[in-house]
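In order of appearance the chains are A, B, C, D, E and F, and numbering begins at 1 in each one.
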Amino acid sequence: MTLAHLPVLVVVVPLIAAPVTLLLRRPGAAWGIAAAACAFSFAAALLLAAEVAARGPVSYQIGSWPPPWGIEYRLDVLNAFVLVLVSGVAAVVAPYAWRSVAAELPRDQVYLFYTMYCLCVAGLLGMAATGDAFNLFVFMEIASLSSYVLIALGRDRRALLAAYQYLILGTIGATFYVIGVGLLYLMTGTLNLADMAARLPGLQTTRPVLAALAFITVGVSLKLALFPLHLWLPNAYTHAPSAVTALLAATATKVQVYVLLRFYFSVFGLQLVTETLPMPEILLALSLIAILSASLVALWQADLKRLFAYSSVAQIGYITLGISMATKEGLTAAVVHLFNHGITKAALFLLVGGIALRAGRAGFDRLRGLGHSMPLTSIGIVIAGLSLIGVPGTAGFISKWYLVLGAIETGRWWLAGFVVVTSLIAVAYVWRFVEAAYLSAPGKRTPAPGESPPVMLVPAWLAVAACVYFGFDTSFTVGTARRAAALMLGEGP
Amino acid sequence: MMAVTVLAIAVQRNLFSVVVLAGIYSFLMATVLVALDAVDVAMTEASVGAGISTVLLLGALYLCGGEEAKPLARPWLPLAVAAVITGALVYGTLGLPAFSDPSAPIHVHVVPRYLNEALRETGVQNVVTAVLASYRGYDTLGETIVVFTAGAGVIALLRRLRRRGNGEPR
Amino acid sequence: MNVALEAVSWALVWSGSAFCVIGALGLMRLRGFYPRTHAASVIDSAGAGLMLAGLMLQSGWTLVSAKLAIIGLLIFFTSPTATHALANAALARGLSPDPAGEDTPSKR
Amino acid sequence: MSVAGHFASHYSYWITFVLMVAGLYIVIARGNLMKKLIGLSIFQTSVYLLYIAPGKLIGGTAPIVAPAFKVYSNPLPHVLILTAIVVGVATLALGLAIAVRIREAYGSIEEDEILAADRDGGERV
Amino acid sequence: MRRFLVLRVVGKLLIPFMLLFALYVQFHGDFGPGGGFQAGVIGAAVIVFYALIFGLPAARRLVPDAVVESMVGLGVLLYAGVGVAGLVFGGNYLDYFVLGADPVSGQHRGIFWVEAGVAITVSGVMLKIFYMFAGRRRALEDQ
Amino acid sequence: MFAAAALALLAALGLALARAIGGPTVFDRALAANSIGTLALLMLAVIGFLTGRPEFLDLAILYGLLNVVGTVAVLKFFRFGDLGDPGEAEGGG
């Protein structure tokens, strides 16, 4: 019985966990429930991914109403992959949050933190799993509202401002998305994504559809922090509690990328996106600017969290770069990078959170000589940083590799060169950490020797290990991504 | 009926006593919605906009102080952004089916089943309720969760904290 | 429905709406806050009352009528209360009842 | 179709735009955090019209099934917009809560003052 | 608010009526406009009205914070629980067909409970938010 | 017919709205808001009859109720500033 209902249980279990945590009002119990729910979701997502891989897309009719009338959960290779990423990161971050949150939040707020955490995870999972455009909006709002709160819970008063800005921009983004969906609905009369896709041919060059494409692109881009619309992200990531930063950086923007992919390739169709409008060119240009400018800005940041936040903007640029190629290699690169960057950033922010716990915050002045006082944390950051750069043997290398392949395949050698060169900027900013941590004498603000508590270190190192593991064993990531790319390009599963 | 909306827009251009005007705006919007046959929506809009939002805004206004916003320094950028968006929308909607066109896709595709079968399938006369609670019940679950999120969020943000003092920066 | 009843009902609805317009005009034209409260009460009592009565005659002896009656009672009770409270608050906030002092919007 | 005819048949959309642009303008242009939120809710309100107006059929009636009526307006947009309204009020409430906290932390809800306060604050403790 | 004697009297008259109306909206949602959300908002508005007239502390005595806070969670649980019940009885999630003897009565039952859940959560949340906003200055002064 | 009544109400609404926008003091606005609530309520009733579905009077009742709540909230705000203030209430209220 349970197996057949897994698609919905993945989402509903964290959803139900949220009010339970609120009702219990005990930090410990709340943590336990949240962690258990996330772990359950992760297991369910893995099972689902296996099932989808073996048997093709799974459809689940909520309320037993057939799809165009009711809401359908529709899982194919792509969403199952995203589900695994989101729930996996959530399951890793949840145990980590135990100490981190206890240190950063007042005690009577802690259980609410877990309520929000569950809601955020459930919202993101719901976005990934659903096959209905409006349902996607609802879950988008669940995820965003809870993430506003999570960000605002940060210790610094700037966290409030960051959350406020995010709220304004995020709501505008969501509203744009709704406008886009509304236009689509007016043209097709349906909200089911698959049904929409089936009814769009013939309407493809009508103006509402084009406008819908534009609105959805802008709306989702706001949320995924594509270059000119990324302004909320660095502040939000910097000032949010560490566990939140790790969760959001690793999952929230990635799910939005998924939404973009879903609309571009499953609903609008390749032809409309690439041929009628100059979408690839726009995306390409924006991605290049994003990568270059954000990487350069990252170089000058005084705070490690902020540095990695800007690096996130740049890395999202790589993902959209892959999308803009709209070829099999490019899309494979995008999907793989989505996953790899997710785990890499999770690892980085988890480790930085450890530093923040010990040192108060992660400014570079407190990192001096950290290699000696917190050796495990430092080495972890270095490894994950290597993955960020894309050094062979790490997960990051794989995605960069496919990106370069894609560039060469489309005959754009300069693009391949660009990817390599910008990776060098990544080397520079990771080097800043290495320099501070290993080559400088401990300053007076460096924390006393001592690692962060194991309950934080172990999850972080799990993520680091994943970075390395997926750098060698690519059968899961690349295999799934290739199939997802094939699916998106309409070559069958 | 639509003239009311136009007037409502005029309201919105004026930004004094915004809260009271926002309440009026909600009433008018709800009336327009009734004219458009969206009774349930109008009810919700009225109760939310005129009732709850007003009270909330007033409460927040009290906490924030009601001073006026300063006049704008550079209104051109926002205007430009707004103009671009209007352009996109105008462009997009010119191709939409005309108002009240019974052959528009939204009237022929999914909806007939709701209208024709809802009573038989769910035993509920109000089709909006039937769709809301049953056909698209999951959306409504999501909606409830959104409300819940807001509630829990406000609790989390505004709870008096013993350890942190009066919300001072550390 | 017989013609006489119909006619009465129409007359009521029409005069009600006329009162509404008059009240609104007064709301617009009168100078000073306190005079305006009178105009508003024209809308609330005469306009609404007559109109609802007319509609009640239209609908006959049904649930609709009952609802209209409820609305009527509601307005009957609440709007003077609200106006009273409003005037009270205005007075308390130092708004002078003297029409001459009106055009100095000291408090907003 | 003539321009005038087109204008008439898409009247509801035009109103939507005006509301939308006004709302968006308030959000972007105003520095006061509360006003931004109100602008935001107007912006969202405009979307309601975008959805609901096309659902109306002239001669139709509200989608409550009764034997006396044959033509009903489209109920699906109503459902969607109900959800959207709820989302809107939830966002408003949260935004206000954050604004209140900002006010307590910064002593102001004017955006430029807040930014200035942060800039002057320089190094955080 | 001694000066608003009129308001108090009218308020006393009005509040029971408003509560009744909230219940009417809740249960009449199948036939006319209305439903859980609207009923919840009205229900919250009643208490808000009470608080406006008689003061927040009085309202808090009437509906204590703890009750409100548990309402917030319980409503969602009720809704989600209906969904789980669908699972337990062998249907899909939120499947009301299996809840009753025949599909239509199952639907009826499902919709009823779902709307109840919505109403509980909504009124709880709205009330809680109001308490939070209105009571904040007082709480600040108390510290 | 009803349409004429509706038009009259519309005109009244417009006038009241002008007062609400222009009104020099906040009390003027609140007053206008109250009137607009009443007018909108009547409008609803008339529209209900116009479309032949007078069941929607529920909505009008709702307007009436909310109108009071809204107005009282505004008043309380301007009278005391604090929505939760018990004012000069004595026990036994």
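Methods note: a residue touches a chain if its C-beta (ideal position, glycine included) is under 8 Å from a C-beta of that chain, and two chains touch if they have at least 3 such contacts.
Note that the structure is a prediction, hence the values are computed from the model and not measured.
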item: Subunit F reached from subunit A - shortest hop count over touching chains; value: 2
item: Chain pair with the higher count of C-beta pairs in contact (B-F, C-E); value: B-F
item: Chain centre separation in whole Å, for subunit E relative to subunit D (CA means); value: 25
item: Distance from subunit C to subunit B - Cα centre to Cα centre, in angstrom; value: 29
item: Whole-Å gap separating subunit C and subunit D, where each centre is the average of the chain's CA atoms; value: 31
item: Per-residue overlap in subunit D, given as positions that touch at least 2 other chains; value: 24, 33, 54, 61-62, 64, 66, 76-77, 80, 82-83, 86-87, 90-91, 93-94, 96-101, 105, 124
item: Residues within subunit F bordering two or more other chains; value: 13-14, 26, 30, 32, 51, 55-56, 58-59, 61-62, 65-69, 72-73, 82-83
item: For subunit C, residues contacting two or more additional chains; value: 74, 78, 81, 85, 88, 108
item: Subunit F partner contacts - residues on subunit C that touch it in the complex; value: 13-14, 16-18, 20-21, 23-25, 27-28, 33, 36-37, 40, 43-44, 47-48, 51-52, 55, 58-59, 64, 67-68, 70-71, 74-75, 78-79, 81-83, 85-86, 88-90, 92-93, 95, 102-103, 105, 107-108
item: Residues of subunit A that touch subunit B when the two form their complex; value: 15, 18-19, 22, 62-63, 65, 68-71, 106-109, 112-113, 115-116, 119, 122, 126, 132, 134-135, 138-139, 141-142, 145-146, 148-149, 152-153, 155-157, 179, 183, 185-191, 199, 206-208, 210-212, 214-215
item: List of subunit E residues in touch with subunit F within their complex; value: 1-4, 7-8, 14, 18, 21, 24-25, 28, 31-34, 38, 42, 45, 48-49, 51-59, 130-131, 133-135, 137-138
item: Residue ranges of subunit B touching subunit A (in the complex, touch as defined); value: 88-89, 91-97, 104-111, 113-114, 134-139, 141-143, 145-146, 148-150, 152-153, 155-157, 159, 161-164, 169-170
item: Residues on subunit F engaged by subunit C in the complex (per definition of touch); value: 2, 4-5, 8-9, 11-16, 18-19, 24-28, 30-32, 34-35, 38-39, 41-42, 45-46, 49, 54-55, 57-58, 60-61, 64-65, 67-68, 71-72, 75, 78-79
